[in-house]
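Just so it is clear, A, B, C, D and E label the chains in written order, and each chain counts residues from 1 on its own.
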Amino acid sequence: MTAIVLGASSLGLLYGERFIMTPPPLCQTAVLLMDFLLLGYFLYVGIKKRNPLVMGLTVLQALPMAYFELMGWGHHTEPVIVVDRLSVLLGIIINIVGPLVCIYAISYMGEHEDHLGLSKSRQGRFFLFMLLLLGAMNGLVVSNSVYWLYFFWEVTTLCCYELIRHDATEQAEGNAQKALWMSLVGGVAFVAAMYVGHYAADSIAMDRLLVAQPTSLLLIGFGLMALAAFTKSAQFPFHSWLLGAMVAPTPVSALLHSSTMVNAGVYLILRIAPAIRGTSLSWAIALIGAFTFMLTALLAISQRVSKGILAYSTIGNLGLMILCAGINTPLSYAAALTLLLFHSLSKGILFMGAGIVENRLNSRLIDDWEGLLGKLPFTTMTMLVGMVGMFLPPFGMLLGKWVAMDAVASSPTLEGVPLILLMVIGSAATTLFWAKWLGHLTILPIRERHSDPEVLLAPYKLSLMTLLGINVLMSVGVAFAINNLVVPILVGSYGAALTTPGLGVNTGVGTFLVIPLWAAFIIVPLIGIYLARWKGGSIETPYLAGENIGEDGLSFRTIADSESEFKVAGMFLDDVIVEDKVARFGVAVGALLVLLMFVLAVI
Amino acid sequence: MSENKTKKFTVFPFGPQHPVLPEPLQLKFTVDEERIVEVVPNLGYVHRGIERACELNDYRRNIYLCERICGICNFMHAMSYCETIEKITDAEVPDRARYLRTVWAELSRLQSHLLWLGLFADGMGFESLFMQLWRDREIVLELTEKTAGHRIHLSTCAIGGVRKDMDEKLIAAYRSGLSGLRRKMDAVAPVFRNDRSVKAKTEGKGILPKSRAVHLGAVGPTIRGSGVSQDMRTLGYEAYGELDFTPITYDSEDVYARTQVRLDEVYQSIDLINRALDQMPDGPILSKSTMFPDGTAINRIEQPRGEVFYYVVGNGTIHLERVRIRTPTLPNIPPLLEMLIGHEVADIPPIVLSIDPCISCTERITYVNKEAA
Amino acid sequence: MNENYIVNIVLPVLLTLGAPVVGGLLMGVDRKITARMQSRVGPPLIQPFYDAIKLWNKRPVIASRLQPVLAFSYLGFSLLAFGLLMFRQDLLVIVFTTALADTCLITASLNSKSPYSYLGGRRELLSVLAYEPVLIMAFLSIYMVTGSFLVDEVLAYRMPLLIQLPAVLIALVLVLIVEMKKSPFDVSASGHAHQELVRGVYTEFSGYTMAMLELGHWVKVTLVLSIVTLFWAPNLLIGAALSLAAFFIVLVVDNSYPRLTWRSMIKTTWGVGFILILANIVGLNLMGVI
Amino acid sequence: MPKMLWNIIRNLLSPPATIRYPHVRPEPVPGLRGRISFDTDRCDQCQDCERICPSAAIKVVPEEKRIEYDPFRCIYCHLCVENCMQKAIIAEDVVRPPEYEKVKEVFE
Amino acid sequence: MKTKTKARLKSPWVLHYDCGSCNGCDIEILAALTPKFDAERFGIVNIGDPKQADLLVVTGPANRRNHRVLKRLYDQMPDPKVVMAVGTCASTGGIFHNCPNTLGGIDKVIPVDVYVPGCAARPEQIIDGVVLALQKLSEMSEKEDD
């Protein structure tokens, strides 16, 4: 219910102009109090789990916070709440995808608990944190005060921590703590940023900071915020928590990856981007994004676990958005926004689908998923469209990527070249891992012909179909979406970069003919179907060097006339891409790049 | 993530029908991605029962049957069979016949090695090289045809000598044909020897260490490529004792070495033929013997692919008691299985071809099919 | 007005429909020249059309219900990509559309329940991985010179691209080798040479589905060649000669190399391709052209 | 430089090695082991050929003075030609053409 | 002649299967494809995949093990198709007539359209055989339309 109200209200805000509000001081005090309660809880967790990292990081932000408050520096933050078009876009994403995931979770958690054989349901706790997370995200995107921002930030950290450890297994606990300490690094960076803000611009209100004269000190402050954003958006070197989050029940992943949590980081960078236009800091941010995009795309190839692929793909796409934000031209900014919007819409579908499959097949290994199209036609079809939507035209994601490429291409030559190279490689690797997975799902069932028909609970269908419908509609009507959601954001700080003549999208250096492409996308397979009907054809046994056995001919004769099945396994290239090694390399380079970012911020 | 380490393998049959394999042989491959982890051979697709048929036939007919154990080195089989029978019956082979046999045996080897080099090129996906080698191989086939009236089966060997002689014109044709061939080979030899991309397909692939080669009993160019100087021609049968022959060996133990051995042997065969033609005495070519074989003999000669072993028991009638033939590909199969492990699917054709598999003479064992038996 | 109509609509449509014809003829030339390089006579020039017509008329046999639909989509989207080029649209969109076509082919081969087809499909994916980034980089460099991704603008650029982007053209030849499935990069399937994977991606296709793949393949080869033509935009006839030269070079390379592995394919296209393109861009930048 | 390059260029520039069979039919080499036929007039029904034939392609029926010969079983070794005392077996230097049916040839 | 028939005649793709031959005929088939004879002049391509082949070329006698393979390959070839038995032993068993493990000619297993004699069959004979096979194919093609 809340969800629908929230969704409706944010849609309502869409046509409003900038909305400003300052809540009564009482609220401020309440926030302050809750913040310290929160930090206290983190400290408690750190002590209880004997995790020195968590303890240390909590203390590291609690003490300076306390000092900051004691000095009363946190009060010149008028107005506290500012809702502009960027907030609205984020709000729409959060409040459309979020509730759908919650609906999905209603069914999922039932099945999930059956699976685990729980006697006492823990769903109450689960949904509490889910909704809290949504609430916090809403708060986050409207806060103008860095302090409030920081508070909501920490609330999302809390929810995330609690949701990841929901299943209370040892692994879940471990991964949850990893997520916690990484997020806390972001918290520390935030606190530091507040100090910087205070000293450099004498304010901790975002809108002031953004228009202040960018001194190196202030740039360091923005660098710190970017660092915090990297932790939330799981960029290298902080990528591992998001992978660890896979142990949580699927709706959590769906929520974290599509509409909340990770978007917080991108949001923050988008927020500060106008202020750092043309600085080397901005370029460094772009470099980290590009690097993450490239490396995670390669890593995703080596993944056997469905959610692993999805997780790396999320990190990669966030990297792409950060790359765009970092390039910081009107075009790239538009690209980042488009990507943000469509990524949420597509990723949600895939996670939800993956969750259903996992519950049905009891396996997350995509090697076990072969022939899924025969077993779970509805879910698989949805996932297939979702996948196509991730990397192929004419879907919105690809459109976003195309705008991004135009944007990267039009960035200054020599600085742009490394970004271009990373992006191009990443983009090809993306095609590889999606296409191979997509193909694998369509292998028709090799052996079992007749499995039970697929029965899906209503909430599953509802959430999947709605999200898919929105995705397709938005992709077809991308001109409308861009004009109403993206361009207004640009107008403020950049000036429009995208035009939509004749319902296509024009970047000034290229055109994406949305409608003709969609028409072809629909017509071509239809002709194909018609042709296949007309020509027909009987299904024959496969080629097995002539040694097929039996009617279906799916096994072959081998030594001493014994029978052997042929088998196929997916492609993971794991002798080329050794996950641990590459990830370690990524963390090392990522750390170096973060260092470079600060160096560049100073000079 | 431990789950990510769970591997599934791809399992598929390579043969009996496969465009890279001209002959039916099945290798069941288990591959991890594209890396080979297991190979199981499955033979018997060509098994015809030749040894048994040899016991049923008039022993003189067997020359032609043995010749068709394999068409590629047909002359060698016929020669080996004749030699074995000659050993049993103590028949004298005229000198000229010995030289003629040597010439034709080497001609067969030339034909076979050129054929192999071509097929090997094809296996590497090097179509133009294949075409070029087979074009040049026609020179040898033309000589064969001029000698015996047929491109493949010479059918010139007989017990106690040979059926056909060579006149001066033919010898001249041999000389000019072979010098032409040598020139053509000079044009392609660098491709096998020095071309970087060809080396990438051969060097370090299909390693067969010397000790393993000896232990597993590899023969022919396969073992010579592992640095073991094993060649039956050093036994000096026919005219080889008088031709100053030394085997060619290479030490790098890989596909490259085996290729080089065969390439060098092409030149060596040209030399041997020329030398044999120089030294060839005049005289009769056939000494007829009417005695039916009675007794036992073994015979070993060097085919293009290695040692072939004949064991014949005669009982004084027109039919033989027992014929056993061990052909060179069979002992090379166990080494092949070892060579393949750890390489990629793309390396399968070069490695499999590197032993020059000749299934048709190997396939005289089979697994009994219960329903059919 | 009337003329505009012809140039903008009728001509592109005709050219698009003509692409398979041109592609088929090119394949015929390919087979003829290849044969001559192997001192053979070779088949007649229109041999590919005989092949395609014959395939189309064979008794239909399919591997799965999805297969023919995907096979047609491969052809359809390849034509779409070519059409976009003829309508002088965005180069990047063209690449993405070919990626869509490739995905159809790969999916079709992966879902054929056959190990050879599956292995071939995987290698086809790797081929896409090998050439797509190089192609995109090439387009980016075209953009850097001309300031637009629109073929329209590239055509209107004041001087031949070749003069400024010679190295990029060489990189495009690499792409062409992969696209044409020629040695040394014919890892996923090769025209008519024997393959360790039998027919690779094509193994499970027969009859009309195979005919559509052939057509699609022709269209894609023509597409890449047309892009090469753009390198002498002021006079497209010279451009065409340029692309024929590139085509000939591919044939020479095909006949001078054995098939290499997918690893060396990616190493070469990325290594050589990227270095060439980057060197070109950086060079132009140093000279102050862009 | 790939080592094959000069070879293919040379091939390209020189005429093909193809003999263009069947448009051009080359002269058979002397002594070609081609098709055989029987001259029943000369034959004395000794059946030597039947005995010597490695693939049992000849069947001599002395009573009826008939020779059945299977050209699809013959391996064209010409052993029979060499062995026939009566020179009743005629060897030609043309090969036996392919056919739709495996017909046995009967000489009477 | 209809385009369809003409195309069929001009583009016979070959699947070669070696049953239990001595290799003599196999190498002659390959030789027919190589420069001296260049069967590709007639559109002949050794395709190696039964699903795309029109012409099945078999060498060697069928035996107890490979007859199933032969049958399966034949079945996997879509119509219209023709079968050519190349060499004496594929036609009748030839020299292997009394070998205990052979079944005789391949016509014991699958219907054969053209027999090419010779041991080994010469490339010229093989090309002639293909010409005969194609005539049969065109008759089949014309008949199909009626």
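The rule is short, and it goes like this: contacts are C-beta pairs under 8 Å (C-beta built on N, C-alpha and C of every residue); 3 or more make two chains touch, one makes a residue touch a chain.
What you see is a predicted model; the values in this text were computed from it and never measured.
Undergrad: Please give the intersection of the contact partners of subunit A with those of subunit C.
TA: For subunit A paired with subunit C, the chains in contact with each are B, E, in label order.
Undergrad: Weigh B-D against A-E on C-beta contact pairs and write down the one with more.
TA: B-D
Undergrad: Report the chain whose mean Cα position is at the greatest distance from that of subunit C.
TA: Measuring from the centre of subunit C, the most distant chain centre belongs to D.
Undergrad: If I average the Cα coordinates per chain and compare with the overall Cα mean, which chain comes out closest?
TA: That would be chain C.
Undergrad: So, comparing C-alpha centroids, which chain is the farthest one from subunit E?
TA: A
Undergrad: If you average the CA atoms of subunit A and of subunit D, how many Å lie between those two points?
TA: For subunit A versus subunit D, the centre distance works out to 77 Å.
Undergrad: Roughly how far is subunit A from subunit B, going centre to centre by Cα mean, in whole Å?
TA: Here subunit A and subunit B have centroids separated by 63 Å.
Undergrad: Nearest whole angstrom, what separates the Cα centre of subunit B from the Cα centre of subunit E?
TA: 26
Undergrad: For subunit D and subunit E, what's the span in angstrom between their mean Cα positions?
TA: About 20 Å separates the centre of subunit D from that of subunit E.
Undergrad: When you check subunit D against every other chain, which residues touch at least two of them?
TA: Counting only residues that touch two or more other chains, subunit D contributes 2, 4, 8, 11, 16-18, 20, 54-55, 75-77.
Undergrad: Could you tell me which residues belong to subunit A and also touch two or more other chains?
TA: In subunit A, the residues touching two or more other chains are 540, 543-544, 546-547, 557, 566-568, 571.
Undergrad: Which positions in subunit E touch two or more other chains at once?
TA: Touching at least two other chains: 17, 34-36, 38, 41, 46-51, 69, 73, 78, 95, 98, 119, 122.
Undergrad: Could you list each pair of chains that touch one another?
TA: Here the touching pairs of chains are A-B, A-C, A-E, B-C, B-D, B-E, C-D, C-E, D-E.
Undergrad: Under the touch definition given earlier, write down the residues of subunit B that touch subunit C in their complex.
TA: 10-12, 18-20, 34, 121-129, 131-132, 135, 197-198, 200-201, 344-349
Undergrad: Where on subunit B does subunit E make contact in their complex?
TA: Touching subunit E: residues 16-19, 22-24, 44-50, 52-53, 56-57, 64-65, 68-72, 74, 115, 118, 130-132, 134-135, 138, 141, 150-153, 358, 360, 363, 366, 369, 372 of subunit B.
Undergrad: Help me check something: in the complex, which residues belonging to subunit D touch subunit C?
TA: My answer: residues 2, 4-5, 8-9, 11-12, 14, 16-18, 20.
Undergrad: Can you list the subunit A residues touching subunit C in their complex?
TA: On the subunit A side, the touching residues are 373, 388, 391-393, 398, 402, 405-406, 409-410, 413-414, 417, 420-421, 424-425, 427-429, 431-432, 435-436, 438-440, 442-444, 446, 509-513, 517, 520-521, 524-525, 527-529, 531-532, 535-540, 542-544, 554, 566-568, 571, 576.
Undergrad: Using the touch rule from the top, collect the residues of subunit E that touch subunit C in their complex.
TA: Residues 3-4, 6-8, 10-11, 13, 34-35, 38, 40-43, 45-49, 51-52, 54, 78-80.
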